[in-house]
Amino acid sequence: MAHASGAQPVGGPLLTRPYKWLLAFLGLWLVILFWRFAAGIGAVSGLTDGYPWGLWIAFDVVIGTALGCGGYAIAILAYILNKGKYHPVVRPAILTSALGYSMAAIAIVIDVGRPWFIWRIPLGGWPDLGGYNWNSALLEVALCVMAYVIVLWIELSPAFLERWAETSSGWLQSLTRWGLKVVDKLLIWIVALGLLLPTMHQSSLGTVMLLAGHKLHPLWNTGWLPLLFLISCVGMGYGVVVWESAVSSAAFKRERETAMLTSLAGTIMVVNAIYLVLRLADLVISGKTLMMFTSGIYSVMFWIEIAVFAAPIVMFANRRRREKFGTMFRASILLVLAGALYRFDTYLVAYNPGPNWTYFPNLPELLITLGVIALEIALYIFIVKRFPILAGVPAARSAH
Amino acid sequence: MGRMERPLRGVADPPADGVGRRDFLKVCMIAAATVGLPASVGRRWAEAAQAGLKPSVIWLHFQECTGCTESLLRTSHPDLGELILDLVSVDYHETLFAAAGYQIEEALHQAMEQHAGKFVCVVEGAIPTKDDGIYCQIAGRTAIDILQEVGSKAAAVIAIGSCASWGGIPSADPNPTGAVGAKDILTGTTVITIPGCPANPYNFLGTVLQFATMGTLPALDDKSRPLFAYGRTIHEHCPRRAHFDAGRFARQYGDEGHRLGYCLYALGCKGPETHANCSTNHFGEVPDCWPIGLGHPCFGCTEKGIAFHKPLHEAAVLPENAHPPIFPEHRRSASVPAVGAAGLVAGAVIGAGLMASKKIAVKDGEDER
Amino acid sequence: MSMDRRALLKGIAVAGAGAAVSATPTEASEAPQAPPDAVGMLYDATRCIGCRACVTACKTANDLPGNLYDPPNDLSGDTKNIIKKYEVDGHVASYMKQQCMHCLDPACVRACMVGAFKKRDFGIITWNPGRCIGCRYCQVACPYTIPKFQWEKANPKIVKCELCLHMLKVGKQPGCCQACPKAAVIYGTYTDLMADAKERIAKHPERYWPQGSPKIFGEHDGGGTQVLYLASVDFAKLGLPDLGAESAGALAQKVQHGIYKGFVAPVALYAILGAVLWRNRRAAAKTGGE
């Protein structure tokens, strides 16, 4: 498992016109963030005591981390099932994951009301170690996500180390070369962690909503939440990888990895099929069959979810269409949408705190979320242009 | 001679020395001030009275205890004697007149003929309606008949006291005589009601004087009560309101809270449900001479359905905005700019997705060729 | 490759079995018990006259801003106790005092990952400002949506009734119980209050809901609460939801424990993943590259 062969920095100028617009928007974002910390969360969001979790948690954190499951999903294929042809996609997937999870961490720091005590979490509550609630699913998510962010950047580090080894000299070069060796030796254990940790926290993100009890609509409230969250995040991971690959190829004018990506179709069908079977079986077994149809708007949202999960299966049913990249691209969007919709419904739509509570994100809240996305895009472009992440021809133009 | 030095007199003794012009003017101005009218109005009253324009008042008594008349007798601003002799001409009053029998009935008929269409008819007491109203008869005629006859010839009808306003104590359950107020008999006429048990005399005086000297009636509410007196509930202008809002209550007569003058709501005060001005216009011309001021909860004497109906120590219903509902309304954050922005973003994302999809399909087509 | 796949499948089966074994019922659903020194409150809505003395007394006892001139319309970052009304056809059918229920198996305590919410002395649930990170999971978890957040502050707190623990410690009663002129809400030990409530419904079964065989809300609801309610109308109309006898935390605990008990499954899975990766790497090295 040496560095992904053929990966090159995309190169080209960084401060293009669109990039400057992005940076300008990030400037505005920083101003809003300052306001958020100076004036409190209520000033910049539509969150209320009835809906304490809104866009930032449901989208930036829960959906955001699931979008960061590309690395996880591809690693299963590339490293565990040993399908070597997926190796070129591993690094971009890991980058997307690292950025996705880092953005989710930023979103959490923005969202929590008293972030100055976050530093205690990785210390397990030190100095009062007995005080933490080790039963809490959310603690599991917090620790796991913190660890996973570190693991992802370590997994990605060869891209940086390779670049720095090339461009530096003297002691820095020796240091980076040494670093590459260390990472290579430990890679198995790091990758294993990178497979274990998302399994844990993506499922725990499902367990978290179990405590909502009667406030979570019965069509979503089930002991199978962790498993359903886990399976759907795998599907989302594949969706993100395909989508990200297609967009990068188009944006940076590289050849598309069509054959490799379209071969994911079989896996995707299996993953989504397992999800659908489990979801529907659980509802039927718990006697909620009729509820699927008689719950008004909740039934509508439920069946939309099911339809979006089923759509890729239907699209891939035709062998010829399966091989077309267009089909795969559309399926990837639907994959991501399906998992995102499931999470959005579980955390927001199916959550009902009682009459006369409503929630809709307000303008600053939306801008903060857009800012997080903008930051991710800006960092992605920067890293991809300067470091060997993307494989495939044509090679990079002059790096400056 | 100062006003205050004169002893209180019964109206049977007319003033030995008459009323000095300055004193009379002072009385009129004080009377005007008492009912919230400017001093200039009091001056006009004085001038009108001295010009001999004294409107006639015919005072009818039915099912009553005479408490409202008695409460008028306890006033000195103006003194009822002054009122009778100087400001208005009371041409018929069963309690105050020395005459009785045929004589007084003759006075009534004369007054009605002489001042037809111009006199003020004051009604004190409820009118029984059961069994054709036989439970109150004067000179062989039922109260209903008397009221209908006199009321039809009056320029204005004023019902003084809760009995005349809506039935009062004679109408308490089971209301064996079918007692009702004057409004329910004179259905076609405007009957101004001055409820209370007894009515606050200054509410009456102010209304009568305004009509008598200016020919206008004060603004009335939906129960024909003058707004200047009945526009607010006791709770809204109670001197103990601060205690209510701070949660300090007397819980038993004589306990520490009671002695410290705390709110009497917990003892059943009907202030929140009772429209009246007793809290600002005390009785007997002694400060704090009103139920709550003396440490007893208000029992809602002006209000039909409260007085003589709701138990004295049953808690009153607080106004609508005092308690939130079980599921109160909360802040709505779906503003137009927010929804608009969200829609724009969603639209942009969907649009981009569709465009990208198309582009890739085109490229797919190219690749295949 | 097929060897590795078999190994992986075998490994997953082992890990799955391990998880299943740890999920078997040693987690029998017993009803949560009140601690031996548990205290609580009994609110009898039929006695409440809605005077709101308890609302002001609570603000005074807990040093909270606000007054009844501009009265609160719900619990909030300034209001730990409130009186609400349930109206039928324009008249008040019942008042309702709302504050923390001090559950026997509190969802907020189960939710709070940093242990800011704990069930402490006398079974009272208090919030520790020295730990809370403001994640608001407690708000999501509480079935009565009691904990409130100070949205408008830069240094926000989570605010809820703590049964005036600071006053109990000096031998005084909670503010609301002291203030109530009708003894509609009273303070006492959990056992005493439960006995009192049972006596009331035994003596006057027609006065309470459901008429004839009244229910004490909090006796079993959601696992039981230390604040008990009696009313003349359906509790659901007063905002007390129908929760069943099991607490939300019990199911979440079962699921979480099923997967993570003793951390067996994660360690096992890690070991298996490591083994598979190692094998794959060795195979790749033998064949000289991917």
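For reference, chains read A, B and C in written order, and residue numbers begin at 1 within each chain.
Everything that follows uses one rule, which is that contacts are C-beta pairs under 8 Å (C-beta built on N, C-alpha and C of every residue); 3 or more make two chains touch, one makes a residue touch a chain.
Everything numeric here is computed off the predicted structure, so don't read it as measured data.
*Asks:* Farthest from chain C by Cα centre, which chain is it? Let me know.
*Replies:* Farthest chain from chain C, going by C-alpha centroids: B.
*Asks:* Tell me which of A-C and A-B has more C-beta pairs in contact.
*Replies:* A-C
*Asks:* Quick check: how many Å separate the C-alpha centres of chain B and chain C?
*Replies:* The separation of the two C-alpha centroids amounts to 51 Å.
*Asks:* Where the CA atoms of chain A average out and where those of chain C average out, how many Å apart are those spots?
*Replies:* Roughly 31 Å separates the two chain centres.
*Asks:* Report, in whole Å, the distance between the mean C-alpha point of chain A and the mean C-alpha point of chain B.
*Replies:* Measuring from centre to centre gives 71 Å for this pair.
*Asks:* Residues of chain B that contact two or more other chains, please.
*Replies:* 327-330
*Asks:* Can you tell me which residues of chain A touch two or more of the remaining chains?
*Replies:* 48-50, 354
*Asks:* Taking each residue of chain C in turn, which ones touch at least two of the other chains?
*Replies:* 74, 239
*Asks:* Which residues of chain A touch chain C in their complex?
*Replies:* These residues of chain A touch chain C: 1, 37-43, 47-50, 52-53, 79-82, 84, 87, 111-115, 117-118, 120-121, 125, 131-133, 135-140, 142, 188-189, 191-193, 195-196, 199-200, 203-204, 207-215, 223, 225-226, 351, 353-354.
*Asks:* For chain B, which residues are in contact with chain A within the complex?
*Replies:* So the residues of chain B touching chain A come out as 327-335, 337-339, 341-342, 345, 353, 356-357, 359-361, 363-364, 367.
*Asks:* In their complex, what parts of chain C are in touch with chain B?
*Replies:* 49-57, 67-69, 71-74, 82-87, 91-92, 95-96, 179, 181-182, 237-239
*Asks:* Which of the residues in chain B end up touching chain C in this complex?
*Replies:* Within the complex, chain B touches chain C at residues 244-249, 251, 265-266, 315, 317-318, 321-330.
*Asks:* In the complex of these two chains, what residues of chain A are touching chain B?
*Replies:* Where chain A meets chain B, its residues are 45-46, 48-50, 246-247, 250, 256, 258, 324-326, 329-330, 333, 354-363, 365-367, 370.
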